[in-house]
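Down below is the structure, laid out as structure tokens.
First chain written, first letter: the chains are A, B, C and D, and each begins at residue 1.
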Amino acid sequence: MNVEQVKQWMQLYQTEIEKNKDYLSQLDTDIGDGDHGNNMARGVDAVAAGLAKDNPADLAQTFKSIAMSLISKVGGASGPLYGTAFLEMAKAAKDSESDIPTLLQAAADGVAKRGGAKVGDKTMVDVWTPAAQDAKAGQLNAANIDKLVEATKPLRALKGRASYLGERSIGHLDPGAVSTGMLLKTLLQATAK
Amino acid sequence: MNVEQVKQWMQLYQTEIEKNKDYLSQLDTDIGDGDHGNNMARGVDAVAAGLAKDNPADLAQTFKSIAMSLISKVGGASGPLYGTAFLEMAKAAKDSESDIPTLLQAAADGVAKRGGAKVGDKTMVDVWTPAAQDAKAGQLNAANIDKLVEATKPLRALKGRASYLGERSIGHLDPGAVSTGMLLKTLLQATAK
Amino acid sequence: MKKILNNPSDLVPEMVAGMVASYPQYVRQIPETTAVVRNDKAFTGNHPAKVGVVSGGGSGHEPLHAGFVGLGMLTAAVAGQVFTSPTPDQIYAAIKAADQGQGVLLIVKNYSGDVMNFDMAKDLASIDDISVESIVVDDDVAVEDSLYTQGRRGVAGTVYVEKIVGAAAEAGADLKSLVKLGKAVIEQTKTIGVALHAATVPEVGHPGFELGPDEMEYGVGIHNEPGYKREKMVPSAQLAKELLDKIGQQYTGGLSGKKFAVLVNGFGATPLGEQFVFANDVLQQLTDAKATVAFTKVGNYVTSLDMTGLSLTLLQLTDDKWLDYLNAPAATIGWGDTRNER
Amino acid sequence: MKKILNNPSDLVPEMVAGMVASYPQYVRQIPETTAVVRNDKAFTGNHPAKVGVVSGGGSGHEPLHAGFVGLGMLTAAVAGQVFTSPTPDQIYAAIKAADQGQGVLLIVKNYSGDVMNFDMAKDLASIDDISVESIVVDDDVAVEDSLYTQGRRGVAGTVYVEKIVGAAAEAGADLKSLVKLGKAVIEQTKTIGVALHAATVPEVGHPGFELGPDEMEYGVGIHNEPGYKREKMVPSAQLAKELLDKIGQQYTGGLSGKKFAVLVNGFGATPLGEQFVFANDVLQQLTDAKATVAFTKVGNYVTSLDMTGLSLTLLQLTDDKWLDYLNAPAATIGWGDTRNER
């Protein structure tokens, strides 16, 4: 991955989030507090502004700029989680890593550690962790990502606000898993060429 | 008027108020605060309980019992007004007055003085004052009373809560005038035989 | 109508019982009434005799009035039925409980019912040789004033009158000077309210009037009395401008150069956050208008059951003593305090 | 949706601006944040260094948290977007403003977002060698607790934790003992809430969930989190019984013979009068259950925007010092005080 690709990734993600802002908030209304779309929209706008302002030269600085924008503008649960993901990618890039599977693994580990959730808890970890494995196995594609996102539907939430619903969280997609799916699919698009 | 007649009057009035409680509150909702029916219902119940408890021997004691019940249970604007009416009748009865026109005149003067309203201000005074005159002239009958009540409709209120409505109070009956009309008509019924 | 109640007709006695049970350090109930009197040690113990200050009115405006009984504010308060003036016998009981031999001042909101019932109570007290005087609060400038009508309503500004007069009484002022002080303060107190949703009287069961999903009633009273116009919702800053303009017209020479105490008062169902947004606009516009704000309160002080909306009160501080009285200690449920141990 | 606002996305900064403009005797804004820090003379002047106490969370719960900043309670508070945890940079700014060299205690409500953001802020502060500890409030016993889940939510009981810990910090307790105190108090704090109408987040524009015209949601959270059951409205006394039973089960041996502080907390749109009716039932039933109530508060302390409903909190006073801390002086917007002149 290079700086240009990351910038394009963020542009594609911004468009995707803006398109799906209400959808994400609706998902979060069903089993959370209804703000996930707004939170993410605030985040991607801040990322764009931050990248324009920082104009980062290398991959590590680019990821760090994104991380700082997300950490300081999103709030809620998704802010520190996505922020940590990009902060961990920044650290890996600082150690001269630039291949996608390594970066995703670092991100996924960071998210899992920050939130303390395990796969199956019906959170974004359900997408991050297996997606990083898929990437390592050369099998990260849109269809697999969609499957991971869809797989959160029948689960009962054990972390995050949705966990307060108990049984009633079953049958709904996890909003953070959905926005993570979008992040990974736009990553594929940005790095496809 | 004698004690038995007054007791019957109060019984008839209680029935009439209970029948019209919601109607009076509705009138008061249109141009006041919607409690006139409840206030009056509380009052006539208290009057019945008070008379049963006090078992007054003479006319003055009977009117005083009624006055105290109204004063201590109705509240709002109508409580002191009706209470004063009966208190003034008690005073007159103490001075050995018992004929209806004299008693009504005392009551009407008391109401006008207590509230400071003049005929035409769209209050119960619009019924009390001319009705006392009608009584003196031997012309107090249901038709005349109804006319006095109806006459409050086109007026603009200058006293009481309805006055806050200004122009918008026009076209509505004054609730206190309506309940005063009922009081006077049940008086006629109770003293007819 | 959804309300947390038992029998709606028991609302007032149960509410008063809840107040005295929750806050015995401030208030106790006067037996066989729904009136309360101070119960703090400064009052129940030995203390120099002062003028008693008594207020009251219909219920549904909590914390007004019982919530302002305590050191530095009211000596006693009487609660009538919801939106219905209390009766003279209860007011009379409160006067007797508040009297310390120096007379009693009645603070009455300007409604026919209140004025008449408090007058009758005054008559009763005069038989006992208690000197009783009354002042009538009529701060609602949304209503046209006239000698020939009921005059203006008493609304949220009442709490500042109770605070200032109460502090002066606590400081030992005599009855005559309290009447003078109270009248002077009332003269400078101006309020306008707006409603987004009318209040529902429990015994009635539906809102007093209906507003469209984007409508607002300007100049509303605290008993669902309609105001002077009904219009589409506007942003907070524009609302602040409208109300400040209206109130400013009531002061000769407008707002500029004058010193005020400001009260942003929630009507019961308006979140505190919105009240602060509105307060922000008001205070900024007052600064822009070259007015000085020396004291501010934001919150639910004079409510109207579950009405959504708020009122703005300005009190021109023509006398610096008034600011001292506003800042003086008070220990009540509604004005706030933490010193009295239960 | 009818709300008194300008642009909904400006709600939080405008609200914070309104708070500091209205009450400069208590709070000032930390530049470039929506966090506030104490501004009273006891804090801004020379004073012995004490442990700073910082809390915060999503907005919409006013007066929590900024309304509890002042002498004897919080040193600083951070306001996030509505119902959204604040970000680490802002929490970090509050930690720096609160630190007096004796370390800082963070009071965090148990939500993933809050826990993670406060944790990240703690990491940032550790780089500056500020000792920071945190305690997590999880008093909502409507939620089943488990080691393997998110655990219980932090709700209205937070205000008693802030009061007790704040008073202890004001009295000079060190960081370690504050952590111990806070954890012990949290352990004894149990809350359940009920909603009659859900809250409307301004940026969403409609209520978080719909209840029928005679329905009530039991065990609701302060962010429209649904509860454990939805049933027809019941009278206040029956509601009090249901909630006291549920809470009583959480104390080994039930309520009998124990000593409590009670909080009846309005969610924002519930009139104070109804809260007192409910408090009356609660206090009576506690007496009937042979429990002692040593401290009571009734009012809007931890709200949920315009939610209609209320919560009941019991705090078992296992240590008499806690009652002293509850009764200790505090000068804040929301807990109440009148001594500090502006």
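Keep this in mind: a contact is a pair of C-beta atoms (placed from the backbone, for glycine too) under 8 Å apart; a residue touches a chain by one contact, two chains touch by 3 or more.
To keep track of the chains, here are their UniProt names: A, B = phosphoenolpyruvate--glycerone phosphotransferase; C, D = Dihydroxyacetone kinase subunit DhaK.
Owing to the predicted nature of the structure, the values given are computational and were not obtained by experimental measurement.
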{"item": "Chain labels contacting subunit A and also subunit D", "value": "none"}
{"item": "Subunit B and subunit D, separation of their C-alpha mean positions in angstrom", "value": "53"}
{"item": "Centroid spacing, where centroids are CA-atom means, of subunit B and subunit C in whole angstrom", "value": "31"}
{"item": "Euclidean distance of C-alpha centroids - subunit A vs subunit B, Å", "value": "75"}
{"item": "Shared-contact residues (touching 2 or more other chains) in subunit C", "value": "none"}
{"item": "Pairs of chains found to touch, sorted by chain label", "value": "A-D, B-C, C-D"}
{"item": "Complex contacts: residues of subunit D adjacent to subunit A", "value": "58, 80-90, 111-113, 116-117, 119-120, 143-144, 148-150, 153, 201, 203-204, 208, 221, 223-226"}
{"item": "Subunit D contact footprint on subunit C (complex, rising order)", "value": "2-7, 11, 14-19, 21-23, 59-60, 62-63, 67, 72, 196-197, 213-214, 216, 233, 235-237, 239, 262, 264, 268-281, 283-284, 294-298, 300, 303, 305-306, 308, 310, 327-331, 333, 335-339, 341-342"}
{"item": "Of all residues in subunit B, those that touch subunit C in their complex", "value": "25, 29, 33-35, 38-39, 42, 71-81, 83-84, 114-115, 158-161, 163-166, 168"}
